[in-house]
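What follows is a single structure, and I will ask about it in a moment.
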Amino acid sequence: MNRYIKLVNFEVNRFFKLYIGLLIIVAISQFVSLFLVKSKYMQAANDANYASSMKATERFISSSGLLTFNQVANHLLFIGPIVICIALMMFYVFIIWYRDYFGKNTFIYRLFMLPTSRMTIYFSKATTILIMVLSLLAFQLILLPIEINVFQQIVPSELLGKMSTIDLFMNSNIFTMILPSNFMDFIFRYLIGMGLVFTLFTFILLERSYRWKGIIFGILYVIAIAGLLLIPAFIESYLFGEDFSFYPSEVFYMELGLFTIIITVSILFSKYLLKNKVSV
Amino acid sequence: MIQVKNVSKKYGRKNVLRDISFTANKGEITCLIGINGVGKSTTMKAIMGITPIDCGEILIDDKKMNHTMYENITFIPDTLTMLPSFTVGEAMQFMKDFYVNWNPERAKELLGFFRLKEDEKLGELSKGNAAKANLLFGLGLDVDYVLMDEPFSGIDMFSREQIAKVFTSHLIEDRGVIITTHEISDIEHLIDKVVLLDNGEILKEFYTEEIRLEEGKSVMDVMREVYQS
Amino acid sequence: MEFIVNNREPVYLQVVRHFKQQIAKRLLEAGQEIPSRRELAVQFNINPNTVQKAYKEMEEQGLITTERNFPSKITTDIKVLNGVRNELIMEAVNEFVDSIKVINVPVEELLTMVKQNYEQKIKEEKKGDA
Amino acid sequence: MKRYRNLAVIAVVTTISLGTFFTKVAMSESKLPKFYLKTENGDSKYAKDLMISAGYDQSGGSGGRSLTITTDGSEYKDRNSMLSELDSDYYDLKKLDHLRKKERNFMRGKLSSSQFYIDKDYAWYADVKGGKLGGTYEHQNNHFKMYIDGLDLHNKDRFKFKLDIPEEENYSYIYVQDVQLIGKDLIVTTYQNKTDVVKDKTTNSNINVDKNELVMYRINVNQKKIVDRTVINESSNDQNTHTHTDIQNLIQDSDETVPSKFDVYKKVKLKDTVQTNGETETEELSNEVIILNLETGKEENLNLSNEQKEQLMQSNVILDKENLYFITQSDKDLSVLKYNLNNKKVEGETVLIKKVDSNNLSNYKVIDGKLYAITNSTENPGKFNKDLIVADLANGQSVFEGKIEVKKSKGDPSKALKKLQIYDFKVK
C-alpha cells in the first residue's frame, strides 16, 4: 500500500473518535426531534378531538394538514446537528493542519520528514476532508429511512402523509442543499466545495509560511479568488454595457473554467509554499 | 558529508543565522554548541529542509535535500514527533509503515536498551523516557546521518547517562552525527568536532583532540576564551 | 580498569599511557587479546574514533599487533614490553628529578627519603587491601 | 490489515449508501407515470406541435413535479438540476429558439417573447431597465432607460440604441408589453406603474395609491429618438367608491412576435368589497374594448351595436392575427363571435362549439382561426379526463379530439390522471 493511502488511513483514524461522536449526536438529536414533532402535532390533534368522528378528523386535517416527515426535517433538533456537522467540517479544514503544529507533541516534524512528497500529505488531508464529509452524508442517508419508518409507525395512519427518502430530497429543505439529487449537480457542488477546501489550505499554508503577514496575504488571496469568480458578472455589467448579458451556459462554463484555474493555482501555490516556504 | 555553505536566515528582522558554514563528516560526532541565541535548532531544521533558508546552500553527500533523502538522514528534535495518543509500539509501526529503512531488529534492541515498553502511551511518558522514545524513533532508522537537538536537556541524570551510552555504542555505528547542546561537560570526551555558535554566527570550528594536542586546552577552555572575549 | 579522563590532554594519548601502565604492571601480558575499539569506547565512555586513534598509535609503537579480522593483541616482543617499563620509570623519574632539582637536595638524603616514603606507601596499600 | 478497517468500512458504506441513493433517485424518476396526448378523432396534425405544461402531484405533500406533455410523450423537469437548465430551450416559441441558434449575439439577454417583433426582414426587441442593483425599485427615480435592439435578418445590420424615457423618474416600475414596427417607426407599448402617496383625510396617514398606465412610444428608428409618447389609458383608483379600472393589453394569443397593425386593450372597471372575514372580493362592473390603429395612431371604435356590446360584456376577448374573437361561455358550450379589425365588422355568424365541456374548461386559445380548448377534470370521481378539442371557428366543427392518457404506470392510470393538473398549453 502506498504512502498516500496510509496517510489517508492515518488521518481518518485520527478523526474517527470525533466522527463516531458526531454520528451519535446526529442520531440522538434527530430521533428526539421526531418524537417532539409528533407529540406537538398530536397535542393539537387531540385538542381538536380529531378522533371523535370522521368529520372531526377531516376538519382537523383540512385546517392543520397531514403530518409528514418534511415537518420533522425542518425541526431545529433535526437540522441542528447537520449544521453542526457542516460547521465542524469547515473548522476541521483548519484543525487538520494546526493540530500537527500545536499541542503536546509537534507531529508536523514527523509529517514533513516522511520520505514522501509533501503534496502527498497535502492531498491526503484534502482527501480526508472529502471522505469525512461524504461519509457523514452517507450516514444521514442510512439514518433517514430508519427515522422515516419509526416516524410513520408512531403517527396514526389517518393523520400521516406518507413520504419516502427520495421524496424528501425532492422537496426544498436542507437536503437539497447538501445532496442534490442530480448526480452531475452533486459532482459540481462538491467540486466547488473542494475548491473552497484548497483555497483555505492555501490560506493556512500562507499563514504557516509568513505568520502574521501570511494572514494578510491569505485574506488577499481569498479576496482575489472571490474577485476571480465575479469576473463574468463584472464583464456583464461593466465591460460590454448595460444591455449585454451572457447566456447561462456561458456563465457556467466560465465559472467552471475559473474553478479549474482556482483549484490548479491553489494546489500549485500550496506546492510552492510547502516546498520552499513552510516552516515547522 | 553534510556541507553547510554560507547559510543565512532571518525571522522577521532578527538574523538567526548569519552566513554560517561548516561541515560534518560521516563517522564523526559533530557538536553544535551555543550559549546564546537560537541558531542551533534552526541550523538543524535548515539541514533537514523543514525550515527555509534565505540564502546559502546545504549539501548532503553532495546532493541538495529532497524528500527521498529522509530515508538517509533523520532529525531527533527535543520534542516528541509522534501523536501523544500513540503507544510506543504504534509509533514504531508508524515508522515501519512509512520508512523503507526502518530496522525493526534494531528498534527492538533500542527498546530494551532504553527499557521502554511497547504498550506505554507516548503522552504519558516521563520527560526522560520521552527523550529516549524520541531517540528510538530516530535511531531505529538505518540512516547515514542523525541530527539530535539537545538530547540531554531537561532530563534526569540517569537518563542522561543512558543516552550518553548511545554515542559510544554500535547504535551510532559509522553514522555522521550532529548534536546541539548548550552544556558540554557530559559529552566533552564523546565528540569529535565542535562548532561554536553565537548569535547566529560561527566563532570557531575545531576537532577536540587537535585542540588538546596542539594547545593543551579542553573544550571548556576554548569556550571560555571564545565566549568571554 | 579505572580510567579517568583529563580534558586538557589528548584522550588518545591518555589511552596509550593507560595501556603502557597496564603492561608495566604486568596486568596485560604478552600476546593477550585486548578489547575491541567499540568495547573500549563503551568501557571508558569515550569516543570510538579516539580509541581507534590510540590503537593506531600503539600499533605504530609496536605495542599491539592486529591481524586482519582478528582482535588486536599485546605484542609478544619482550624487548618492547620491557622497554615500556623502562620508559614509564624513566618518565616518572625525569619528572620527579625535574621538580626536586629546584630545592637543591643532596642526592643521598633524597634517596633515603624516597626509600622510606615508598616503603611506607606500599605497606599502607597492603594494609588497605587487607 | 486491521489498521485499515475504519477507512475500509467508511469507504464501502459511503459508496454503497450514495450509490443506492442515486440509483433510487433514477428509479423513482422512471417510476413517474408517462403521459401523452392521444388522438381520438380528427387530424393529429393540429396537436403535433402542441406542448401542454402540467403538474404532477406526488403523494404525501412532497410537492408537484412540473412536466410537459406532447403527442409523443411527457418530460419531467429536473427541478434540482442547474445543469439541466443550461441547454434547454428558453422560449415558448420555436422560432425564437431557432433565431437564438442562428443569431446568438443578437439574442443575448432577450428573454421575453412579447418584447420581440419579428417579420420577414427584421427582428426588433425593446427592453426597459432600471432600478437599483440587485433588482429592487424605489417609488421614484429609478433611472429607467429603454434599450432598443434591431437586426436586419438579410444583411445582419444591427440597430442598437438607448433612449431616455420622458418622465421616467415618476414611475416605480416600467416594463415592455409589446413591440410593433410600422414603416420606420417602432411602436413600443409599456405598462408603467406609478405610486402616489396620498394623505388619507380621516386617519391623517400616508397611503400609497398604485396607478397603472399604458404608454405607447413611437420611436423613429432612423433618428433613434422618441417622436411621440401617448398615455393610452390610465387606471383610476377611486378611494371613495372603492372602484378602480385596469387596462389589459390584448396581445396576439398564439405568437406575440407577429406584426399587427392594431393594439387592442380591454379596460375593466372593478369594484372592491371588503368582506366580513377581511378578505377583499373584486367584482367586474363593466368592460370596454379599445382598438388602436398603429398606422394612424387613432383610436377606433368597435363597429358593434349597443345590444351586441352589452351582450359581449361577459365574453373573453382573444386577438388572433387581425381578428378579434369574443368567446362566451355557457354551461354546455362556447359561443364564438369573430370581428375583423381590418374590415371593421363582424364576420360570419356566432359559432357554437358544443363539444367543449365548459364546466371543466381550464384553458382555451385561438390559434390560426382554430379554437384549442382543454378540460381539466379533477373533481369528478372516477373520471379524470383531460380532453383537448380543436374546433374550426369558421364552422364550429371539431377538427381534432384527443385526451391525455397514461403511457406507462404501475398503478391505476386514473389515479395518475387525478394527480395531473393542466396549467397551460402552447404551440411550439
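All chains are identified by letter, namely A, B, C and D, in their written order; residue positions are counted from 1 within each chain.
As a convention for this text, a residue touches a chain if its C-beta (ideal position, glycine included) is under 8 Å from a C-beta of that chain, and two chains touch if they have at least 3 such contacts.
Since the structure is predicted, the reported quantities are computational estimates derived from the model, not experimental observations.
Enquirer: Which chain's mean C-alpha position is nearest the mean C-alpha position of the whole protein set?
Expert: Answer for the innermost chain: A.
Enquirer: What whole-number Å value describes the gap between the mean CA coordinates of chain B and chain D?
Expert: A distance of 82 Å separates the two centres.
Enquirer: When the centre of a chain is set as the mean of its C-alpha atoms, what distance in Å lies between chain B and chain C?
Expert: Roughly 36 Å separates the two chain centres.
Enquirer: Centroid of chain A to centroid of chain B, CA atoms only: how many Å?
Expert: Between these chains, centre-to-centre, one finds 45 Å.
Enquirer: Name the residues of chain C that each touch 2 or more other chains.
Expert: none
Enquirer: Chain B: which residues touch two or more other chains?
Expert: none
Enquirer: Considering only which chains touch which, label the overall pattern as line, ring, star, complete or other.
Expert: If you draw each chain as a dot and join those that touch, you get an open line.
Enquirer: Let me make sure I understand the interfaces: which chain pairs count as touching?
Expert: Those chain pairs which touch are A-B, A-D, B-C.
Enquirer: Help me check something: in the complex, which residues belonging to chain B touch chain C?
Expert: Of all residues in chain B, those touching chain C are 27-29, 164-165, 167-170, 172, 188-192, 208-209, 212-213, 216-221.
Enquirer: Which of the residues in chain D come into contact with chain A in the complex?
Expert: Interface residues on chain D, with respect to chain A: 3-4, 6-7, 10-11, 13-14, 16-18, 20-22, 24-25, 28, 58-63, 65, 78-87, 104, 108-109, 127, 129, 145, 147, 149, 160, 162.
Enquirer: In the complex of these two chains, what residues of chain A are touching chain B?
Expert: Of all residues in chain A, those touching chain B are 3, 6, 10, 14, 103-107, 109-110, 112-118, 276-280.
Enquirer: Mind pulling up the chain B residues that touch chain A in the complex?
Expert: Against chain A, chain B makes touches at 45, 48, 50-52, 67-71, 74-75, 77, 79-84, 94, 97-100, 122-123.
Enquirer: Where on chain A is chain D touching in the complex?
Expert: 1, 8-9, 12-13, 16, 65-66, 68, 70, 131, 134-135, 137-139, 141-142, 161-172, 176, 179-186, 188, 242-249, 252
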